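The structure is given below, and queries will be raised subsequently.
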Amino acid sequence: MDHVHLALLMKNAQNSLSQGHLTMANPKRGSTAICGYDADAINIRGQDLVNDLIGKVSFTEAWLLQALGKPPTALQLHIVDAVLVTIMEHGLVPSAIVTRMTAYGAPESFQGAIAAGLLGVGDRYAGTASECGAVLERIVTANDREAQALAEVRHYRKIRRPLPGFGHPIHRDGDPRVERLLTVCKDAGVAGDYIDAMYQIEKALAAELGKALVTNISAAMGAAMAEAGIPSAMMRGVVLTARCAGLVGHLIEELANPAAPAMWDGATAVVDYTP
Amino acid sequence: MDHVHLALLMKNAQNSLSQGHLTMANPKRGSTAICGYDADAINIRGQDLVNDLIGKVSFTEAWLLQALGKPPTALQLHIVDAVLVTIMEHGLVPSAIVTRMTAYGAPESFQGAIAAGLLGVGDRYAGTASECGAVLERIVTANDREAQALAEVRHYRKIRRPLPGFGHPIHRDGDPRVERLLTVCKDAGVAGDYIDAMYQIEKALAAELGKALVTNISAAMGAAMAEAGIPSAMMRGVVLTARCAGLVGHLIEELANPAAPAMWDGATAVVDYTP
Amino acid sequence: MDHVHLALLMKNAQNSLSQGHLTMANPKRGSTAICGYDADAINIRGQDLVNDLIGKVSFTEAWLLQALGKPPTALQLHIVDAVLVTIMEHGLVPSAIVTRMTAYGAPESFQGAIAAGLLGVGDRYAGTASECGAVLERIVTANDREAQALAEVRHYRKIRRPLPGFGHPIHRDGDPRVERLLTVCKDAGVAGDYIDAMYQIEKALAAELGKALVTNISAAMGAAMAEAGIPSAMMRGVVLTARCAGLVGHLIEELANPAAPAMWDGATAVVDYTP
Amino acid sequence: MDHVHLALLMKNAQNSLSQGHLTMANPKRGSTAICGYDADAINIRGQDLVNDLIGKVSFTEAWLLQALGKPPTALQLHIVDAVLVTIMEHGLVPSAIVTRMTAYGAPESFQGAIAAGLLGVGDRYAGTASECGAVLERIVTANDREAQALAEVRHYRKIRRPLPGFGHPIHRDGDPRVERLLTVCKDAGVAGDYIDAMYQIEKALAAELGKALVTNISAAMGAAMAEAGIPSAMMRGVVLTARCAGLVGHLIEELANPAAPAMWDGATAVVDYTP
């Protein structure tokens, strides 16, 4: 196509086609069921934010309404709060180091330091509850749960990835949070299907590997959230929200009492340049 | 320093100088008062996470302990929860659009879409509560609060920036959330110094500009959080945590029912290419 | 473990165990072959930055040295430059919209707006060259390339994901950049194995699907970079660098001539709230 | 499509006002001068990407065209390339540590690790060339440059911030890159106004502080870019692009030879938990 053609085409279309992917005769539309607003009111999932929610419900309650579409039960609230408390803070883990190191260079951007820290909540560390939750969902909905658990274990061995939720670099003999979180769930009266599925995986792993692998906090959180009706697609979001809060604590401490210069030294002192 | 010297020095220091900024004899150390852990326990602000916190305190309670260093009062909890609920969700604001558009290209990274959305919680929009809070802090600690309020208004006019917390593109006649949040504070029995400071600014603005400027939700949130003992340095962190949660809701909806393709079309249809 | 125990343990270990994962007697060390520096010199891959590189080599040349470990050939330089030019700019794609929307809220953080835009360079859109490159690598190193191409096509059908690099929402009849980039490669005298592998996939796709699927720019970039000796693990990094530059152009235009308010309106006008 | 059609379409679409900030009678429109495209062609700043740019111009040349709106001169190209090479790589600086630590948790998101690293290119470290460039611009356009330089020094002292571009934690006796970059500029035949302004600041700082403060690489880059006609508003973008490339090198090394576990240990070993 020559330039004259392009210019004409653009002019004729009054530039509406200049971005190329718009079919005006039948424009795609999207929809959201979360929130609508005008100058007078903000409506969230059919409820009035100002009159129904602010000052009347807790953060966790408003959030579960917003994300899941209906008011949460007391059991859901209790368990999601427990999960949020469990994962909010674990000292100078990579996310906290990242947030602090980022603030060292860019103290002007609070949100940038937080966002940087959250970016490490991923598939290998910190963000594995969601994938573990998906495994648990598949087991619970299977006809033969024991067989499905074994199939999951074998699948991960075949693709040479650790099954998310099992094994831990620090808490080799068991993370103390795991037992506690499961107790919270049981005390709250959950049905227990997903926790059972977690035990099925433990058994299948031991059978396949010939040795026990510690059940880590991601598995416990995945099971707990599943018991509370949180879909696995949302589970990493619960972790991110908890960690966002925790990183805020680290960032305000860092801005008042910087540890980043020392951590920079400490981190580089153990890495050799070998060209 | 010559390269031979450098080589020797590196060898002697076991490469600790290879990154150049480490004084091994007297390395800088940092400190944190937030959290320490070992294989058996996680200690947050002197409390045992497993035995004292999980399942016993709400998310907001654990967070305020972690970030501020001591257990929050009931008033603090009530107000921070109200603020979190206030700012969690406001429909398809830029942050929500950004999270959804980011997931369009990179659905594999839940955390990336959330982080992208949070990056817009900034100085001009969404993140202004903290700067407004700092203004309120300066007024409340001044000998003459009225004079300080006027000085603040004049300072912002001089540097040609809007005073954060006042004026709004949508809610020109008053954001309905403002009155509600202030009522929550008053009903909870706050001292009222920061809310008064907010009114001082309103008065000073009207006097200086010759017309009233609407008090927006950032001012109300800044005042509310200050009443609850949240330092201004942390206020953007409260907004980020609330928005993180809200963006999680948008992201799981987007992954199930994409609006991004339509929004892409809609956004580009209103922008002309004029080379 | 009780608190006394914890306190003692921490004290005895000089706090080194407070973060739980450090074995002081035998600390892990890392190594890097990229760069070392001291107060007088910066050494990159064995070359002196100041005397050997600044003002003497182009950006692309210095980068390929830094990333790949040895000075690039003229062919590598030519092709990587062509790829960078190809993918730097494509109008108001989601990344550009995200960068602009992020700057709307947070104009104070140039880096935040750029980072947000880059976060959308992902597995589904914009970042697919790397995965396509990995497919091409597997085909070229296979004993039977035709069989491997067919196996790849079948694998992606089985896991119900599009094979990266094929199909396009806009350029349905062929992206004009594809032919051009391949011509650049051929004119430069590449061996052609990876381009052939790309054609093998085209053939296998047509055979499996019963219809041709357009080869998109990610496939062409993957093939071009592979011909230039760029490993697939780096390919998304080339796209990110080009897009980073392109987003800088969008951001400085946005700060001078904002399109974000219009795009916000345009994006939300096509999304309905249906609670 | 004409505008009437668009208006009707929007009116008919019900709920289009549900997002509240759209004035339908007179919708805002935005414009961009960077790029337009359709199914057949991509036009950048009036040039055809496929026929005029790919394979014909270098990355830097295409970028300066895209960002500045006209083809760059040879002098511009030479200096911007020199700046990009200067700042691409400086070993395990915070950005590189952050990228590597982020990949530790989230190896699935190449773009997330890069974005995290870029977020530290900020006002205090790594991103200061832009602010220094703005100071240089004000000096060069002032009637009395010497007086303006002094005024700038005094302004930064008054607001208790370091004047960006002067002072350095590592290169206390002078960063070797500074002299080299200035030499490149002079050899290329720049006019020299901005470099002179930089020397004016050096003089003013020495006069005000009673001692010399080293001119760091941000000042030299700011002056060099200003000499090449890069506006200060774009300067951080040049640094970001160079660092993006450098971080790609770090990330592919990290994924093949992880240093993050050691750096995590090293960073935390120097931070004490003191509740």
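Should a chain be cited, it is by its letter among A, B, C and D, assigned in written order, with residues numbered from 1 in that chain.
In this section, contacts are C-beta pairs under 8 Å (C-beta built on N, C-alpha and C of every residue); 3 or more make two chains touch, one makes a residue touch a chain.
It should be emphasised that the depicted structure is a prediction, and the values quoted were computed from it without experimental measurement.
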Open item on the list: Contact counts by the stated rule: is the higher one at C-D or A-D?
Closed with: C-D
Open item on the list: Suppose chain centres are the mean of their C-alpha atoms. Which chain sits farthest from chain C?
Closed with: B
Task: Centroid spacing, where centroids are CA-atom means, of chain B and chain D in whole angstrom - done: 25
- [ ] Indicate the whole-number Å distance between the mean C-alpha point of chain C and the mean C-alpha point of chain D.
- [x] 19
- [ ] Take the average of all CA coordinates in chain A, do the same for chain D, and state the distance between these two points in whole angstrom.
- [x] 31
Task: Overlap residues in chain D, where contacts from two or more other chains coincide - done: 6, 13, 15, 18-21, 27-37, 39-41, 43, 91-92, 106, 108-109, 111-112, 115-116, 119-122, 127, 170, 259-260, 262-266, 268-273
Task: chain B to chain C touching residues, read off their complex - done: 1, 3, 6, 17-20, 36-41, 43, 48, 91-92, 94-95, 97-98, 101-109, 112-113, 115-116, 119-127, 259-260, 262-271, 273
Open item on the list: Which stretch or stretches of chain D touch chain C in the complex?
Closed with: 10, 13-16, 18-19, 21-22, 27-37, 39-42, 44, 49-51, 53-55, 57-60, 62-63, 66-67, 78, 80-82, 84-86, 88-92, 109-112, 114-116, 118-122, 127, 130, 170-173, 176-177, 180-181, 183-184, 187, 231, 233-234, 236-238, 240-242, 244-246, 248-253, 255-266, 268-269, 271-273
Open item on the list: Under the definition above, what is the set of chain A residues touching chain C in their complex?
Closed with: 18-21, 27-36, 43, 45-46, 91-92, 106, 108-109, 111-112, 115, 169-170, 270-275
